[in-house]
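Single-structure report; data block below.
Chain nomenclature is as follows: A, B and C, assigned in order of appearance, with residue numbering initiated at 1 for each chain independently.
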Amino acid sequence: MTIVKDRLKSATAAPTRAARLNPLIVLVVGAAIIVALTYTLPPFRTYQLATVGAYLCVTAGLTVLTGLNGQLSLGHGALMATGAYTLALWQNKFNLLAVGIVVAILVTTAVGAVIGLAAARLRGPYLAGLTLAVAVVVPSITSTFDETFNSDQGLSVILNPPPESMTVEQWQAWLCWGAALITVFALTILTRGRFGRDMRAVRDDETAARLAGISVARTQVSAFVVSAACAGLAGALFAVIAQSVSPGAFPLTLSLFLLMAIVIGGLGRLTGALIGALLLVALPAIAHEIGESAGSQRLEGNLALTFFGVVLVVVMLAAPGGLASLRIPFRRFRTKKH
Amino acid sequence: MSALLEVEGLTAGYGAAPVLHDVSLTVQAGQIVAVLGANGAGKSTLLRTLSGLLPAEKGRVVFDGQDLRGIKVERMVHLGIAHVPEGRGVVTELTVDENLRLGGLWRKPQPSLAPIYELFPRLAERKGHLGHQLSGGERQMLAIGRALAAQPRLLLLDEPSLGLAPKITAQIMTLLRDLRDRTGLAVLLVEQNVRSALSIADQGIVLSLGRIVTRHDAATLVDDADLRHAYLGF
Amino acid sequence: MDRFLFLTFDGLSRGAVYAAFALALVLIWRAARIVNFAQGAMAVATAYVAYSVADATGSYWLGFIVALVAGLLLGAGVERVVMRFVDHSSPLNGVVVALGLVLIIQGVLGMVYGNEFRPATAPFSRDGFDVGGIALLSNYDLFVFGAVGAVVVLLTLLFTRTPTGLRMRAAAFAPDVSRLLGVPVGGMLTLGWALAAAVGSLAGMLVIPTELGLHPTAMDIVFISAFTAAVVGGLDSPIGSVLGGLIVGLLLSYISGYLGATVAPMAVLALLVVVLLGRPDGLFSRSAKARTA
């Protein structure tokens, strides 16, 4: 029983460092910074800023799922697609964006709950394989039901013009960052409480968590549902930014990019999710510039892909203990190995 | 005559705190040396370090004149050292015959298994059975038989009596004594079952908390009541 | 009935390819406890090399051999350079590294060859023989059956009849004990990866001409089907993976034929979910037998 207590202690000890920051202050300061940026950055940078915000929604949710709860999902690109298509269909019928975003979140949450129920019973490579299958297969649904989803062409999204005092980019950045800050705020509150403690306990040792009276399955499903809701929100925001949705926007590589973002950003910390979201926008942009200066279209997307892959592999090999060592002190890992 | 195995000042363990401290011992060819001591005294750690599964932190191990530092585990058997680990290490997914063949696989040409089957008729009967279908005693015979298939000069044997009926333990001890007498095999025998180990051993070494606390002829250890009380608890 | 026959033969031919690919996954799983999520990308990479050689020399068969050799080398390289250094204390680590390799391979292929589909010719006619009015079993189908059959037989012989096969099995089941018995466990692991990757390359060479052609992501959906096949058969069972491959092939063929090709991927997903939740050890797992023994 002392083992269980130790585990729980280590599980609860982790967030104290982050706890010094008051989430409400972060929220207000963050909002102020974003507003200031949208009035100083040129339109294209503002658009990129909006994209970072949209990515932050999903990487934050995924950080909670993988970093705090230890579940790997390769299917969050598909969940984003779910949110995006829901919003597109809603907008084209009702054109009521605020409600549409909520509906997109709800629908994705429901889908996420179904996957999460299955995921809670699976471990390691089986879970990875199932979510990988979701990521590969779900985009093809658009071809199966092409009357609704218009197969590979996708759908355009009807949107009202932004308020007259703002540019489109400013409006997009405000929308995305408003959503992102609320998401991060909510996740911070959520993970600091009992739910966060339960998740860390489940991640570190399922048996010990069970002995301590934590329902492992319920915790895992909850974590999946929360992260799915975040992915749905992000998908809806991407549909708004791009003003269209198509299966090509949600390939398998998107899911892999998301994974990379949270691994590199540092698992289990929401600041890591922000770093990851920034990388997701910055790296392709840099690769794009290199490709343009080299005059090679082939380089563009593929350079980013290769770079992401190399970084992912190097981080995993260089961090002693890979994923785990990003949260467990090295000493503990070493004594466990023998 | 120099010893077959010479260990000098061996210190080893699993990370920060060493389990073995400054252990020195020798085993002559044709000698059975029993390593005795309580649970956690470092007996298995000693064998694991000798066969290279654990790196030594300090000290020297010389086998037949060759320093074993830096020799890979998989080379040890080529030199003539066979290690039967605790829990017997039978590959349960393989058949009895496959396990035995595995033992002599590195030899060219591969040795016949007939002498092993002659030694353990029970194994011959169960040739085609998978490891996990065997009883504890059969597994122990298989593990020893497999080690012998490599025709070693030194056998490192970890708790062969663990979980076995006294009758089977006695059989195994008799077998070891016969092998020593017949082939000159040297055995470093780790045992908790002190009486049966000393019944065949030439020398007894007592480990406590990773240090050698006493060493004597097996006969002396058994006969001297003071020694027995002090170190062996009977 | 004619259609059913046609679909059955078509499904078996596809299934044979999935079987080979699933077998490759099982080989690595048994040896290293890693599901090689990079296997599809690795197979595509060797197929690109093969068709480059075939284009340059005009010989498909030279390219075919090059694909297999490249598979061996790539598999050994991936194990030696990358996978050996992955910390396996969490099963997620191997998965993440494999996915990183997917990104690298797909990125490099895109840079070198571009992201358009390139035609990949088949070495034999894909027109079926006319049997009583229905087109059954093309020369290419026979080639597929022959190649996959040969691989299954050769691997079976290797694992059951040769000292190396015995060493590989022992090293996979009990690495520490095997080392004590003089088995070079690291070498066996490298060999296992090499063989598996070569089998994966073979599967890639067989399947790519029957699909849209060469593309960096050409094997993504094949990987999912083969992973499903491996799970259906049980990740630990080579025989199971072959049967699983045939089952998935038949299922896909019937569903494509009767319900439409676009439904097929969802059917694979559904099968995967059902098997994972119902019998995660696979339909033919020996666990039941082991329990009674």
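FYI, a residue touches a chain if its C-beta (ideal position, glycine included) is under 8 Å from a C-beta of that chain, and two chains touch if they have at least 3 such contacts.
These numbers were taken from a predicted model, which means no experiment stands behind them.
**Student:** Please indicate which chain is farthest from subunit C, where distance is taken between mean Cα coordinates of the chains.
**Tutor:** In terms of C-alpha centroids, the chain at the greatest distance from subunit C is B.
**Student:** Pick the chain whose C-alpha centre of mass, unweighted, sits closest to the average of all protein C-alpha coordinates shown.
**Tutor:** C
**Student:** Just give me the whole-number Å value for how far the CA centre of subunit B lies from that of subunit C.
**Tutor:** So the centroids are 44 Å from each other.
**Student:** Centroid from C-alpha atoms only, then distance subunit A to subunit C, rounded to Å. What do you get?
**Tutor:** 31
**Student:** Counting in whole Å, what is the centre-to-centre distance of subunit A and subunit B, each centre being its mean C-alpha position?
**Tutor:** 55
**Student:** Could you say which residues in subunit B touch two or more other chains, in rising order?
**Tutor:** Within subunit B, no residue touches at least two other chains.
**Student:** Please output the residues of subunit C touching subunit A within their complex, sorted ascending.
**Tutor:** 29, 34-35, 37, 82, 85-87, 89-97, 99-111, 114-115, 217, 220-221, 223-224, 227-228, 231, 235, 260, 262-263, 265-266, 268-269, 272-273, 276-277, 280
**Student:** Which stretch or stretches of subunit B touch subunit C in the complex?
**Tutor:** My answer: residues 51, 53, 72-78, 82-83, 85, 89-94, 98, 101-103, 105-106, 110, 130, 132-133, 146, 150.
**Student:** In the complex, go through subunit A and note every residue touching subunit C.
**Tutor:** 66, 70, 72, 74, 118, 121-126, 128-130, 132-134, 136-137, 140-141, 143-144, 146, 251-253, 256, 259-260, 263, 298-299, 301-313, 316-317, 320-325, 333, 336-337
**Student:** Provide the residue numbers of subunit C that touch subunit B in the complex, in ascending order.
**Tutor:** Per the touch definition, subunit C meets subunit B at residues 163, 166-167, 169-170, 173-174, 176-185, 290, 293.
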